[in-house]
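Take a look at these structures.
Two complexes come next, and they have one chain in common, chain A, joined by chain B in the first and chain C in the second.
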Partner chain A sequence: MKGKFKQFLGSIGHYFSDFGAAVVHGDWSVKLSLVFMGAGYIRRRKYLYGVFLLAIEVFFILLAATFIAPNLAKFGTLGTVKAEMHFDDVLFTNVWNDFDNSFKILLYSIISLVAILIFALIWISSIKGAYSLQKMDEQGEKPPTIRDDISSAMNEKYYKTLLAVPVGGIVLFTIIPLIVMICIAFTSYDEQHMPPAALFTWVGWANFKQLFTTSLTSTFGYSFGKILRWTLVWAVLATFTNYFGGIMLAMLINNKRTRWKKMWRTCFIIAMAVPQFVTLLLVRNFFADQGIVNTICSNIGLTSLLKKIGLVPAYLNYIPFLTNPNWAKFMIIMINIWVGVPYLLLIATGILMNIPQDLYEAATIDGANSFQQFRKITMPYMLFVTGPYLINSVVQNINNFNVIYLLTNNVFETSDQLLANSHARETDLLVTWLFRLTNEYYNYKMASVIGIMVFVVCTVITLVAFNFVIRGNKEEGMQL
Partner chain B sequence: MKNSNQPMMKERFYPVRHIVLLALAIFWLIPIVWLLLCSFSTSNSMSISHFFPEKLSLIQYKNLLFKTDAANQFPRWMLNTFLIAAFNCLISTFFVLQVAYAMSKMRFRARKGLMNIGMILGLFPGFLSMIAVYFIMKTFNLTNSHIGMIIVYSASSGMGYLIAKGFFDTIPNSMCEAAKIDGASQNSIFFRIIIPMSKPIIVYTSISAFLAPWVDFIFAKIMLNSGIAKDWTVALGLYGMLDRSRKNLYFGQFCAGGVLVSIPISILFVVMQKFYVEGITSGSAKG
Partner chain C sequence: MKKISAILVVLCIALTCAFAQGGKEAPAAAATAAPKETIKLTVWVGDLYTEVTEKIIEKFKAAYPDETFEITVGIESESTCKDTVLTDPEAAADVYTFADDQLLALVNAAAIQPATVDADKVKTENGEGAVNAAIVDGQLYAYPMSASNGYFMYYDKSFFTEDDVKSLNTMAVKAAKAGKKVGMQFGADGGWYLYSFFKGAGLDMKINDDGMTNSCEWASKGGEAVAKGILDLVATGGFYADSTSNLVSAAKDGTVVALVDGTWDANPIMEAYKDNYACCKLPTFSVSGKDVQMASFAGYKLIGVNPFSKNVGWAMRFASFMTSEESQVARFESNGDGPANIKAAASASVASNPAIAALATQSQFATVQRVGGNYWTPAATLGTILSQGNPEKTALSDLLSTAVAGITAPVV
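And now, the complex of A and B:
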């Protein structure tokens, strides 16, 4: 880890020392390139590149004057002019003043910063390029023609050609949005500060403090603790019930004593064919308070039996499958087993078939019973092959929006006033809470803070899991 | 699970395990059967007293397909989703294969760094950035538009390169070296050697990209918020049918819609199934 970091710093150091060398040892045209990009290229008679670089510079300067500078100037305050309407005597109507939109200022500033960074990279590489042309000239080599450059873009620099567009997409639609949302965690962007009607501004760590405090006015601390605990419980339970359920089912079906293997497998795989949102919405009506399952349960007397045991409150004449917090949590896990086990069945079947059969034969000869075989052969093999997948699915379950949202939205209402004050519910995961805060209550600042906390939780889990569960070299970890 | 390797007694029938399996299978099939039954029932609302409908008919399908109204634009939704899915499939597959090839078969200084950044980005909850993407799209007037949806689905698809990279890793490097000696450029190695050899992973990648818009609910809900039924995708439309105010009028049509959507998805899924396990295990083990 430390070595990698040093290597990383080293490569950054190299990057800038190369640039320094180009500036110091470059001739007048390279130095002129510092101000007029492309000068060095034009001097070496590479006019097309020279003009192109100059055009980029002109474009950037225009962009800086019209877009970057005005936005970055307001970045510190995120705008000061509030939107107001006044009567215009000339036009004879109400018109808006020239107000600031805090969100646009923030968004455009981030885009500006990224644009500056990209321009700086082009600038540095243009000077390095000019210097390398100079060196070639001094050594009497012929500088590469455009055809050479195209050929190098198809060969040793092909990765740049391949990665340019996909990485551009990721920068625009993942990285910039993420930076914006992380910034929002440090602002006052919420229902009372909604652009364009109102301004928001920087508030430092106040939102993070709010997430951890419980007071008379704010119950975020209480809700966060409760929901984080349920999120973790859910992630672990959902992952492991599906994992072991899938393996058990796969072993049951693939066992030699089971007949009609294909038919059984198909039965479970059909469940995957119907899109998740259809089955989840259906199942939620299935288990509604006045739904068909409740009718059947009361007809066969299960409802009154559960009432007698005390699992159903006496004042209800139905089983609150999705409306009572504890029942709902139980049902969510059960329904998630229904949704997830077929996938694991598919995966486990594939992997189980790959386990060398002679391992089992040897174990049988040594007198190992089937449970020992399962514990000493099947599980280690499965865990080795699916280890990274398992960690990945814990993280995915922390972010498992669909199951919880589709099953409980508009169905489950909380009776816990403290949770309700911060718009949370017992069944919420951090992500569904985040979604409700933005979608229904426009509390973007707290949603961003929660999003960052989800990231922190996922990162900790991933790091710990990869460092302690899967030690050493993956390729050599499993010696069969 | 006892003595799974005893070679003898193949012909004996073991009733207990088959009864367990039968019970489990019934448990797994009930919701599907119920979906089918409801889609063939005459009642518009959810029946709470009968599991089997009293009369079977095709009326729900007929209404769904031919009687469009403010809440039901099913043919339109299918078309919308199909177009979005087709373009997403095309763009995403290219992006994924490009990134996977660069990360698997080429060596360059920023490679490890980029892969780590990709992993870190994957740890952020997806729709945290979605909210900002929504505002970005809004400034370009691309919310409530299908071009916007295509961009949202496919722009960042390059991050899902791991499975394809795992597959490319299994193609021996010596093959690329030999081609290079014969004078092939990286470009022609990619298009003439790697791509023709990678049919399984191309099928897997393109089908999963094609399926994403059919099953995605949340991104569509954020981006297509105009409330005009004609703009929606299938997932959003069917969700709207079970809205509290509409549930009692459209439940039958919802079920019919669910059945119709499942048909193409299950066909594609059967095709993809073979590569699914390979993808999961190879991608994660070598990631």
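And now, the complex of A and C:
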């Protein structure tokens, strides 16, 4: 781990020292390339490259003048001119002033910064390239022609050609939006500051401070703690109930004495054919306070039984499946098992079938009972194969929006007034809370802060868990 | 290295091409209204209104034969219109329909055009309540489309007499005796309905002049009495809170014999109660032994014009046409919407509609909805706790003061 990090730093150091060497030891044409990109290439008669690089430089300068500079100039304030308009009777439409749109300024500034970075990389590599041409020239080597370069890009360096599109896609569709979102956490972007009509600006760490403060009117700190705890409990419970449920079911079906295996398997897999949200919305109606399940429960006397035990409050004449916080949490996990187990059943069946039967036979001969076999053979094998999957699904469950939102939206209302004052509910995960803040209250800044927190939580869990799973020589231990 | 640079160049070009256009996007300035240019408009209506809107569009085209129009109808529920418009006002439809409670948010975000075309005509031809619902700070912002978006009481007249429905306490007791229920959505998602109890007792809750935060008088002695009144109603066992959709299906089962709801559910309720279908204004309820008339939010559907539209003028003209007397009658006939237009509302067919008549009686106790966003969650939680009979036995004063703290919290 440490070695890799050092290596990484070293390669960055090399990158710049190579550049320094090129500038110092380069001839006049290489030095001229610092100002006129491509000069070194033209000097070595690589006219096409030279002209191309020069064209990039011209293009970049034009871009800098028309796009990068105007946007970056406003980056510090995120705009100062408020939108104003009046209706023009002659044109019969609105005339707007040349107003600032804080969000666009933010977005375009980030794009500009990325463009500058990309240009800087091109600039550095063009100078290095010119220097390496000079060295080849000095040593009397023949520099590669364009045809050579193309054929190398198509052959030994084909991986780079292939990677170009995904890398570009990641920069455009992942990195830039991500940086913008992170930036929003440090701005005042909310209902009162919504572009295009209003401007927002930088506020530093104020939003993070707010996430950890609690007063009667601003209860973010209280809500965040409570929701984070439930999110983690949910992620662990949802993952492991499904996991063991799936394994148990698969083993049950795989058991030698089970008949009509295919039929059972089909039964469970049919459940997957119905889109998850349809199932969830239907189940939500089944378990409504006056829904069909409650009718059945009160008819068979279950409601009054639960009332006697104290599991249902005495003032209710129904089971608050989805309206009482504890019941709702329990039901959400149960329903999640129901919709999630078939997937695990599939995975587990595949893996169970792959466990070499001779292991079991040997164990049987040694006198191991079936529980011992399960503990010593089946589970280690399963855990080894599905370890990364488990970590992945914990992280996925932290962000499991569908189940929570579809089951509780418009049904569950919190009776915790402090939670209500920051628009949260007991059953909310961080993501559903985030969704409500943006979708119903336009509190983008707080949502962004919570988003960063979700990221931190997921990263920590992933890193710790992966280290734990991959640590040691487990792989060799599993060489069967 | 050269290969990398080549790749980076391509990337750089792709990047700038994709965004350079956006960068130059200045506000649409002098787009001269050349006479025979096609006027393109998009209009968003609720999914049940597409057919009638298409018909109105044809009439609109016929009314201006000299112009060529290209009017597209999109579906966007009136109840969630604001959310979609505010996500990106510049990409929203030119003309959109919405419930009047969203007007303030739209005005605050400058996502709605001051209605200047036909403003006087709109103000004189429509009912006072509807016009007021479309006005913010003295400026008319929208064109009133219908006046039937508030709530009132539906009941089964074979169960309740006309005398019974005067008092909610009487109704709840009678229903409880027969094992039936009276329902109202003042629990989950029910801030809109909960208001009627407190406002009825004279305790106001409304938005401040800043157009964001609320002021609320509920955390007072009077407020405790109202909360106690609601708890008494719940304690009868004949009055309960549930979502209107559940209440409607319970009405079909026969368990719910009266419910508070709006005209949008008139048809299913008519099916449930059949010949015994009846409507009335909201009843009174008992606060410290006195009968208090329940108030309500008046609800209107309005048509707004997007200020970022390329054809704002024509969009306003079209919005005005969509709310003309003729168009409002057409919408009453197709969808049962109560017209905001005075003449249309006075017509015999409208006046004889029981739901709209009940709404008209309730309108004297109704206020235009001007509420800041922080009202809804704390109010729904307060309603939920009350609908469960305050199980934790929290002191009512604490309950109300926490709720009011949330309702009046600064927008941060």
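Heads up, the rule we're going with is that the second predicted complex is superposed on the first by the 458 of 480 C-alpha atoms of A that agree within 3 Å, B and C clash if a C-alpha of one lies under 4 Å from a C-alpha of the other, contacts with A are read in each partner's own complex, and residues count from 1 in each chain.
In the analysis below, a residue touches a chain if its C-beta (ideal position, glycine included) is under 8 Å from a C-beta of that chain, and two chains touch if they have at least 3 such contacts.
The model shown is predicted, which means the values in this text are computed figures rather than measured ones.
In the superposed model, A:T386 makes contact with chain B only, not with chain C.
When the shared chain is aligned, chain C comes close enough to touch A:F52, but chain B does not. Of the two partner chains placed by the overlay, only chain B lies in contact with A:L282; chain C stays clear of it. Legend: residue contacts after superposition of the two complexes on their common chain; A:P342 is shown touching chain B, with no touch to chain C. Residue contacts after overlaying the shared chain place A:K104 against chain B and chain C alike. Contact comparison for chain A: of chain B and chain C, B touches the greater number of residues. Of the two partner chains, chain B and chain C are each touched by A:N410. In the superposition on chain A, contact is made by A:I122 with chain C only, not with chain B. Of the two partner chains, chain B is the only one that A:F374 touches; chain C does not reach it. When both complexes are overlaid on chain A, the residue A:R257 reaches chain B alone and has no touch with chain C.
Overlaid on A, the two complexes show chain B and chain C touching the same residues of chain A, namely 104, 161, 167, 172, 288, 290, 410, 439. Only residues 1-16, 18-20, 22-24, 26-33, 83, 86, 89-90, 105, 108-111, 113-114, 116, 187-190, 212, 242-243, 246, 250, 255, 307-314, 373, 376-378, 380-385, 388-389, 391-392, 399, 402-403, 405-406, 408-412 of chain C touch chain A when the two sit together in their complex. Those residues of chain A that touch chain C in the complex are listed here as 49, 52-53, 56, 59-60, 63, 66-67, 70-71, 83, 85, 87, 91-99, 104, 108, 111, 114-115, 118-119, 121-122, 125-126, 128-129, 132, 149, 152-153, 157, 160-161, 164, 167-168, 171-172, 190-192, 194, 196-198, 210, 216-218, 288-290, 313, 315-316, 323, 410-421, 423, 439-443.
Across the interface of their complex, chain B is touched by residues 4, 8, 11, 103-104, 107, 151, 154-156, 158-159, 161-163, 165-167, 169-170, 172-178, 180-181, 184, 249, 251-253, 255-259, 264, 267-279, 281-283, 285-286, 288, 290-292, 294-296, 338, 342, 346-347, 349-351, 357, 360-361, 364, 369-370, 373-374, 385-389, 392, 395, 399, 401-402, 405-406, 410, 430-431, 434-435, 438-439, 444, 447-448, 451, 454-455, 458-459, 462, 474 of chain A.
Chain B makes touch with chain A in their complex at residues 1-6, 10, 12-14, 17-18, 20-21, 24-25, 27-29, 31-32, 34-35, 46-51, 95, 98-99, 101-102, 106, 108-109, 111-114, 118, 120-121, 123-133, 135-136, 139, 151-152, 154-159, 185-187, 190, 214-215, 217-218, 222, 235, 238-239, 242, 244, 247, 251, 254-255, 258, 261-262, 265-266, 269, 273, 276-278, 280-281, 284-285, 287.
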